[in-house]
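Residue numbering begins at 1 within each chain, and the chains themselves are lettered A, B, C and D in the order written.
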Amino acid sequence: MIDKRIGTPAEAVADIPDGATVMIGGFGEAGSPIELIHALIDRGARDLTVVNNNTGSGEVGLAALIKERRVARMICSYPRTANSTVFPELYRNDEIELELVPQGTLAERIRAGGAGIPAFYTPTSVGTPLSEGKEHRRFDGREYVLEHGLTADFSLIKAKVSDRHGNLIFNKTARNFAPVMAMAGRTTVVQADAVVDAGDLDPECIVTPGIFVQRVVEVTEPLQESELVAQGVSYP
Amino acid sequence: MTAHEGVGWSRDEMAERAAMDIPDGAYVNLGIGIPELVATHVPEGREFIYHTENGLLGMGPSPEPGGGEPELINAGKKRVTAVPGAAYFHHADSFAMIRGGHLDLCVLGALQVSHDGDLANWSTGGPDAIPAVGGAMDLVAGVKTVFVITQHTTKDGTPKLVEACTYPLTSPGVVDRIFTNLAVIDVTDEGFQLVQLAPGASYEMVASKTDAPIKPMSENPAREGTTP
Amino acid sequence: MIDKRIGTPAEAVADIPDGATVMIGGFGEAGSPIELIHALIDRGARDLTVVNNNTGSGEVGLAALIKERRVARMICSYPRTANSTVFPELYRNDEIELELVPQGTLAERIRAGGAGIPAFYTPTSVGTPLSEGKEHRRFDGREYVLEHGLTADFSLIKAKVSDRHGNLIFNKTARNFAPVMAMAGRTTVVQADAVVDAGDLDPECIVTPGIFVQRVVEVTEPLQESELVAQGVSYP
Amino acid sequence: MTAHEGVGWSRDEMAERAAMDIPDGAYVNLGIGIPELVATHVPEGREFIYHTENGLLGMGPSPEPGGGEPELINAGKKRVTAVPGAAYFHHADSFAMIRGGHLDLCVLGALQVSHDGDLANWSTGGPDAIPAVGGAMDLVAGVKTVFVITQHTTKDGTPKLVEACTYPLTSPGVVDRIFTNLAVIDVTDEGFQLVQLAPGASYEMVASKTDAPIKPMSENPAREGTTP
């Protein structure tokens, strides 16, 4: 029987090694798999390359992972947000590397990686510093830049409901990067508010089919990043 | 060097003026800052559908203060609502809408706009700046019409409408129309073209605060008040 | 008020000109917008380039459009199926052009066209006659071929339900190419079994957001291709 | 030149034998023809999830004759059902699963297989043939393990397992294991390797009907019956 359920966040991330590339879902706090990130901090893996649209806020979740010096390199589109102080400080001190990618190019590179497309051309960033040194090419009289697919050793994402096959649905704008990161992760780990039996989800409404998911952990009342930041919580 | 008391449009009036130029039925993306205010000024009889690049088409007004949900936010990470007929989707689909030319119009802020339509709005390029681009480069590369809303000058009076941007570009040659506190200005093949003056503003005032040639309205009266 | 409803299939396709590129949804009969195709036959446009996975069956729908000599060129992956006689005869007589595209490459080219991606690399068809003459390139030691995005002047698709904004849901495996063709059509025309008001569809379950749809026609009891073929019906 | 009466596996037995080599929990795509029969032979205690490239994961058995729905079909355009836990998706997502390496295994038919693992299964290349490729090239390019089920020879006795395919290729070097009516054969770095003989079949019989060298089981007994 196919059953992708795992007991705890700790078990679900127990084999993430030093040096791994880890995609982490979320746009700001919406969709951030905070319990999985905290389990990854506890796990202790270092020298990670992390793909996320932002760099977290306060000293919990992704920001805490960065603060604990576990991230050698961030691939993201917008590393500064409200209450984001951890990344800027490390970046100014040259203690963390940054690959800045336009948000749409980031999303498309992740989808391409998951879809077996090694590279594609996009008009985004042509004529700007972000396309410097990259291959340019004209199609139908317009200039484009070559971008490469992104994959990850692990993807950590948050869903609203998963079934035991790993079929997923999401909550509103918490969906954001999760479906494409699920595609691009060799091992995709999901924390879901609820885990149900196969057949409990409407097959017409499943957003991420279970083939893209390897592990599911139920986290029934996930922490909310902004609340923790407002309370001044620092993890661990 | 700031605008005189009583001269020009407020932030809210700039947003209202920009909204007047959005055609009925348009799919619109609003950038962070003053552009967000456009949503509160839909002209009578028109319906716009707002896209927020983090996965929502049919974004509605802000919830009551203290209300809303942390997982229903806009690109500026503020809580929003969804209108009847809204749809949620993932990031790659969201930027397929943008890059694929499906959005009619976006309204963005600016650090600088050149008279060739070059836009700089993501980085001052300073040595201590944390570079952060977000979706700006995708929006200007894909959206059919690009509006900019910006103060005419920086707080210290430095012009933001210039011959050549000194900040790193978001994209060359993409801006169609600019709404400042002093005027509405088109970017044409021959550079800046004044379209409308704000109350109390004069052509001379606008020209003196613009670091590039700007054609007065009288040279091309037919363009006045039109939508690009 | 945004209202994309159009009264009849005839009105919905009335401006499709000679020489247009038209994407037509469906995989076999599942998802085939048969009333829109029949309206296109009535409309009389000629010299069309048609994109569809197949070439229709019997003498109704797409097969009838081909039989009426309206299609100069087919772009498809599998032009022969059960009860498919019209295309093979014209093809053997050199009366219709064929661009044969692997099914996954076809789907991806259509999505790319709709997503503003002019070209991408894929491993599919490398080492076969279908990649001959195309640009090849190695990424990470594997060989890929360059393929180009596809767009259309019009896309004709079938949905289960549309709202007045053009938000769509589909029925089971009738979904197939419709969502990507909706993206790639400059004018996307939908026939839906039912048209409802904005807000009647669950925003979490909408498959094709209305931004990809320009026109919606309600066809409450669509014809079923296999039934017509079994009855020996020939259109017009 | 057909196999002797009582010798070898039937179409159904070939499918059953192939199913034995599919690991529990595998995501599997079944090609048109004999491969479709694999679905009826899931070994006790295992669960496979069937993918059909026209947009369904969790394909179930055929409906009762005359039953089913015209909009719930498989890649062969036959009516099917969906199991609990099934999901529908569009074609680009479906082939993202295939091309992206997310499927564990596919079972395909063949016109020819070479001892290098080249597969030809889409066209005889004849002047009057209507070329039709479908999803075959995508499947072999993306799926981790490729099984082939085929009669050992054509009806007129011509070998289908050959040194070099004469028909246009579906892809070079992709086949892992072949299930024929006479034998199970692996494609190894050194060519064809006999893994198992069908009832009544002998190595000599298989070798004589194969147009390329084939290693007998005794040369590599450890491989027998294993799953690649």
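By our rule, a residue touches a chain if its C-beta (ideal position, glycine included) is under 8 Å from a C-beta of that chain, and two chains touch if they have at least 3 such contacts.
Keep in mind it's a predicted model, so treat the numbers as computed, not measured.
Between subunit B and subunit C, the least number of touching-chain steps is 1.
Across A-D and C-D, the chain pair carrying more C-beta contacts is C-D. Averaging C-alpha coordinates per chain places the centre of subunit B 57 Å away from that of subunit D. Subunit A and subunit D have Cα centroids separated by 37 Å. Mean C-alpha position of subunit A lies 30 Å from that of subunit B.
Counting only residues that touch two or more partner chains, subunit A has 108, 111, 115-117, 122-123, 170, 172, 204, 207. Residue positions of subunit D with contacts to 2 or more other chains are 82, 88-89, 92, 95, 98-99, 141-142. Chain contacts here follow an irregular pattern that is not a line, a ring, a star or a complete set. Pairwise chain contacts present here: A-B, A-C, A-D, B-C, C-D [touch as defined]. Residues 1-2, 111, 113-117, 163-165, 167, 183, 197-199, 201, 203-204, 206, 209-212 of subunit C are the ones touching subunit B in the complex. Across the interface of their complex, subunit B is touched by residues 27-31, 53, 77-82, 87-88, 91-92, 98, 100-108, 110-111, 122-130, 170-180, 207, 224-226 of subunit A. Put simply, subunit D touches subunit A in their complex at residues 25, 27, 47, 49, 51, 57-58, 82-89, 92-93, 95-103, 141-142. The touching residues of subunit C, when paired with subunit A in their complex, are 108, 112, 115-123, 139-140, 142, 144, 148, 169-170, 172, 202, 204-205, 207. Subunit D meets subunit C in the complex at residues 52-56, 69-73, 77, 82, 88-92, 94-95, 98-99, 128, 130-138, 141-142, 168-172.
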